[in-house]
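First the structure, which I've put down as structure tokens, then a few questions once you've had a look.
A, B, C, D and E label the chains in the order they appear, each numbered from 1.
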Amino acid sequence: ADLLVFAAASLGTALERIEADWEARTGSDIAISYAGSSQLARQIELGAPADLFISANGDWMDHLVAGGLIDGQSRRDILGNTLVLIAQGRGAAPHDALAAGAMTARLGEGRLAMALVDAVPAGIYGRAALVSLGLWEEVSDRVAQADNVRAALALVASGAAPLGIVYASDATAQDDVSVIATFPEGSHAPIRYPAALTAGARPEARAFLDHLGSPEAQDIFAQAGFIPAGT
Amino acid sequence: MSLRVSLRHALPGFTLDARFEAPEGVTALFGPSGAGKSTVVLAIAGLVRPDAGRIEVNGRVLLDTDRGIALAAHRRRVGCVFQEGRLFPHLTVRQNLGYGRWFAGRHAAAQPGRVVEMLGIGDLLGRMPADLSGGEKQRVAIGRALLAAPRLLLMDEPLAALDAQRKAGILPYLERLRDETRIPILYVSHAVSEVARLATTVVALRAGRVLRAGPTAELLADPEAVPVLGPRDAGSVLEGRLVAHHEDGLSEVEISGGKLLLPRIEGAPGARVRVRIGAQDVILACLAPQGLSALNILRGEVSALRSGSGPGVIVQLRIGEDSLLARITKRSAAALDLAPGQTCYAIAKSVAVAPADIGGAAPAPLPE
Amino acid sequence: MLDTISAAEWDALRLSLKVSAVAVAASLPLGLLTAHALARWRFPGRQILNGLVHLPLILPPVVTGYLLLLGFGRTGPIGAPLEAWFGIGFAFRWTGAALAAGIMAFPLMVRAIRLSIEAVDPKLEQAAATLGASRPWVWITVTLPLIAPGVVAGGILAFAKAMGEFGATITFVSNIPGETRTLPSAIYAFLQVPGGEGAAMRLVLISVVVSMGALLLSEWLGRRIARRLGGT
Amino acid sequence: MLDTISAAEWDALRLSLKVSAVAVAASLPLGLLTAHALARWRFPGRQILNGLVHLPLILPPVVTGYLLLLGFGRTGPIGAPLEAWFGIGFAFRWTGAALAAGIMAFPLMVRAIRLSIEAVDPKLEQAAATLGASRPWVWITVTLPLIAPGVVAGGILAFAKAMGEFGATITFVSNIPGETRTLPSAIYAFLQVPGGEGAAMRLVLISVVVSMGALLLSEWLGRRIARRLGGT
Amino acid sequence: MSLRVSLRHALPGFTLDARFEAPEGVTALFGPSGAGKSTVVLAIAGLVRPDAGRIEVNGRVLLDTDRGIALAAHRRRVGCVFQEGRLFPHLTVRQNLGYGRWFAGRHAAAQPGRVVEMLGIGDLLGRMPADLSGGEKQRVAIGRALLAAPRLLLMDEPLAALDAQRKAGILPYLERLRDETRIPILYVSHAVSEVARLATTVVALRAGRVLRAGPTAELLADPEAVPVLGPRDAGSVLEGRLVAHHEDGLSEVEISGGKLLLPRIEGAPGARVRVRIGAQDVILACLAPQGLSALNILRGEVSALRSGSGPGVIVQLRIGEDSLLARITKRSAAALDLAPGQTCYAIAKSVAVAPADIGGAAPAPLPE
């Protein structure tokens, strides 16, 4: 391949379409390795021949930049996302789920599915949002932490947990869950997907990085439920 | 009849098709290697399911393929001593011996102490089977089967790995078992002499078929049976009565046609005994012999002669009520001018009647 | 080192031990039965059973966890009736973690036991039958003692595997401190954050020490038993 | 169903087969040696070797992958010299995927082979020695044929496990299409995106069919060989 | 000396401390079950490493713990036939037979065809060992050892599972092996009679120690050895020369003190033969007997008398150059008034010299 991209697994479908477009347009061959942001970051740290890293996790990007493994100059946030509260089933009646007591009432004996609240970005954002909304106290012992946000989604989709906190992009395409609330923008740090060239990136990488910010690409991301960077 | 067996079983390259009946007592199953003896034993024990057949022990049907009866091995109460011992490697000798006893429950009659002593395995009780020699293993296997209080005992060449002394020590015990309990025993062996004194019935097997079967005395004394049993094993079994014990260590036994002096047998005068005299241990004379070291000289009448392909002739004598076989050379038969009806003298060295061939009185009391 | 272990980490260790022990203890009878069936019985569907038993070994653990979630989850076709009728709940409970660990370790256990059953000389079992022992008694008094080394080995191997199980467990019952947060879940969480390697490795070490201890114990037990049986 | 499999999925299947086959083939000699050493030799450090072999079974796969990355990565203490001196590179190559799969499957292979070696009656090997066969010949002409069922079983089990290996592989060599994206990695990728479950399950099915096929084959082979040896 | 053995080995509950030398030919190692016979065999084969000892075969040192020599089993070229067969279960009978041959390489002299025929295993070549009967297995094991062209053959009761006919068929072959090759054979057995005709040397082992050892003829004819060997197994081995074959199937053998008529032995006139006559098969007479079916009557002189605890007496006769033992009752000895120096006649039935007890000429040519 002419270009090796390491990308957070959650970007999958959208990035594949962008890749196909780019390859059709330029004739160059891109290989994208999807894995957890932490795994990819560690691999870059230990010499992976990646040219471009698209992370779902700013901390890991910071870590790599600090280690000199990433060209800090090239770093930019290419995407954003929003955090939503989901419930199982199509068209679950939206109501004021984020009001005090509402969530616990709705949970009943059930669990609130989230990604790991100390380790995985979606979990970290989620906890921050709950804390700032004053709900954390109330639900913290009802939280079931999954190893990633997709697993949290699966818990809700399968009916194991009545509610879950995931990215809007995850909820969009999932048939058997519905968004019952969106966390207000200020309730957590902005959700950003930073992308940057690695220290040893090949020249073509920069063009593709630029392309990720192009309207065409941003459009595809938007269709997948992401929000454009800088919004 | 205490044991009725009729079996048909096909293996690749070998077909068993045997049928025999055996009264109470010991039935000897003879035959060369590969004759199917072990296969018969396995079928009776319920470890091989024959293609067709019927097995009945003391009126109890263990197998009847026609009627769809096939008792499970553990319900047959058939004790087995196998060619290869098959001791439980995870149990001590003591535990191996106790295994069957435990399942026999209230049937468990035999006193373990007696059996252990008789088999000479008292010192081994704490050992594991892996630390036993070949013969020791086999002795333990015999003890284990005996202590399970079986209704039928199958012994597949159990003594093959034992020395003569041990063999001689075990045989009298089996004999008592035969006489005082009513457990039928099916005893597989290569050597007729090993069990002739034991066996009530002899079944000769070859290539999966029963060649001959019948009461031991009759069969062994039948010159026609010689080629089946092998000339070395031909001989006659005589029934007699113990008359007296003499000072010099000999015991006197009265048979229908005279008396025999045998190495001491321990029994009370009056006891019935069986004596086997090998056909090859008998010398014939036309005149009453004088000045011989042989003590047993019996007068009889030639009843049949049978010459085989070799240089030997089997001569059957009528001595009192009994039949005695002698195996002599053709040359001698010619020299003595033997013919049916002729009177002659049979000379048997007393010691040629080996201890193992004198039956009826065991050296030790039977276990309770 | 021990003093640097936090209370939460102790909890995780204690939970892991409980989950693994229960997983092994509960699956052992079924493991014996399955191993025996595969080793000795000929029945239609034997190969299907064999395949099913191996499935967790073959599938990526996450998939197994996902399938467990679908089947044994609260609304799952197995989980729902179990909970409704017997009150046996797996969802988000340590019992679920034990179920996941048990299922993941099951093929290892069954294989070990099965091989040792196949190594038992049927002639010894036949001998026991002629001595009056019925099938179950033969099994208890002859087969079981003879396969004891295999059972111990299989059980402890399963225990070690259960101690390390992560993917299926977290997918099925997620990571609830004190309930389903086993050592591997804790390790995983540490590995997700930059600089968490040190803490993760410390937990790895604890986990390895425990599992290795169990394995060495099983070796030792196995050899002791084998020596009793008079092997080399 | 087949027509819905994309070229990329075929690639993943082909890669998985290659990786698993190479992993098994390459580790088999070492597996035989290790199993033999554990079964028959008494040497100091035997228990340590035994523990090491089992490590991948005990550790969460992600940890194994991480340790591989540290050791066999481009800059790792083993990976760097290997690449510099022999040109054997594992980092982010299919060879690395094979290494990870091989290591994860190694304990299963070794255990299966070891148990079958332990079941070989040393008396037969002794008999071979008295007939003039030196140690290696005894091994080739007596031990190896007698353990063949165990070796086949161990090899195929290892293959099936390798086909399902994911955690260590993706952590060690990432998930690069055509190079290290094996079936399980592809399944993972699908599971990480909305609506990918269908595609993931299709790949799971393919993977299960292949692995089950291999397992059934091994059962069949094992029984054939056992029958030749006159077992039950 | 072709075999020198000196071994010390302690096992829990059993200590072997044996030392013996054996010239060329067959050495019979006798002893009751548990005597340590198999342990000696394993040590010589290199399969058990004794605590201390030295083993030398035809001048080749196989073991010398003092000098730190211990040849590996596969370099010893010691063929073994074990009590339990130990056939390779994964190889056909044919492949089992070929196994040792292959390693023997250029040493492999024996023609497989001959060995196969002699052992009667031609029909089994394509079978797997699991499908053989106990005796069939043992025959194959013997063939396998023979075909490995060993420099020393160890046989640990290899015939225990064979029937008399098969035994008789194999013994002559071992005999030829002894006479025509120079392979020494150490043959373990319970029964002296089984190998007396074969054995050049007898070593009697009991409880791990050598009780007696020496040339067979000497030892068997020594009344003092009787309690060691067991009275049933006492007997003498006579060396003679085959003189003629008679029409009626008998062969004439000349010994130093007369002639013997034996069932046909296949050999050319002039051949040397060994004949064993069991002590219990001999009858003594003070007067030359007349009109007996026994053909072999030898004149000799009593050289010793030995009475044991039983009713028997062992009488040693000097017949020509040879010693002959007779076992008779004390009563007879008294009646005949036997004393050393006295002339008397020994009567042995020709057929009492059993085929298995006539050595020297094998029924088939030796394999190349």
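Remarks
The rule is short, and it goes like this: a residue touches a chain if its C-beta (ideal position, glycine included) is under 8 Å from a C-beta of that chain, and two chains touch if they have at least 3 such contacts.
Computed from a prediction, not measured in an experiment: that's the story for all the values here.
Following the contact convention of this document, no chain is adjacent to both subunit B and subunit C.
Using the contact threshold fixed earlier, the set of chains in contact with both subunit A and subunit C is D. Distances between chain centres, each the mean of the C-alpha atoms, put A farthest from subunit E.
Relative to subunit D, the chain whose mean Cα position lies farthest away is B. Top contact pair of chains, counted by C-beta pairs, is B-E. The geometric centre of subunit C is 60 Å away from that of subunit E, both derived from CA atoms. Centre-to-centre, using mean CA coordinates, subunit B is 26 Å away from subunit E.
Each chain gets one centre point, the mean of its Cα atoms, and the points for subunit D and subunit E are 56 Å apart.
Looking at subunit E, residues 84, 131 sit in touch with two or more other chains. Touching of two or more other chains is recorded for residues 62, 66, 188, 191, 231 of subunit D. Interface note: chains touch in the pairs A-C, A-D, B-C, B-E, C-D, D-E.
Against subunit E, the residues of subunit D that register as touching in their complex are 123-124, 126-135, 137-138, 141-142, 145-146, 148, 228-231. The part of subunit B that touches subunit E in the complex is made up of residues 11-13, 31-34, 38, 83-84, 123, 127, 131, 133-136, 139, 157, 160-166, 190-191, 230, 232-233, 246, 248-250, 261, 263-264, 280-281, 283-287, 289-295, 310-312, 326-336, 347, 349-352, 354-355. Residue ranges on subunit D touching subunit C, taken from their complex, read 47, 50-51, 54-55, 57-63, 66, 108, 111-112, 115-116, 118-119, 122, 150, 157, 160-161, 163-167, 184, 187-188, 191, 200, 204, 207-208, 211-212, 215-216, 219, 226, 231-232.
Residues of subunit B touching subunit C in their complex: 45-47, 72-80, 82, 84, 86, 88-91, 99-100, 103-104, 128-131, 144-145, 148. Across the interface of their complex, subunit A is touched by residues 62, 66, 69-70, 73-76, 91-92, 170-171, 174-181, 188-196 of subunit D.
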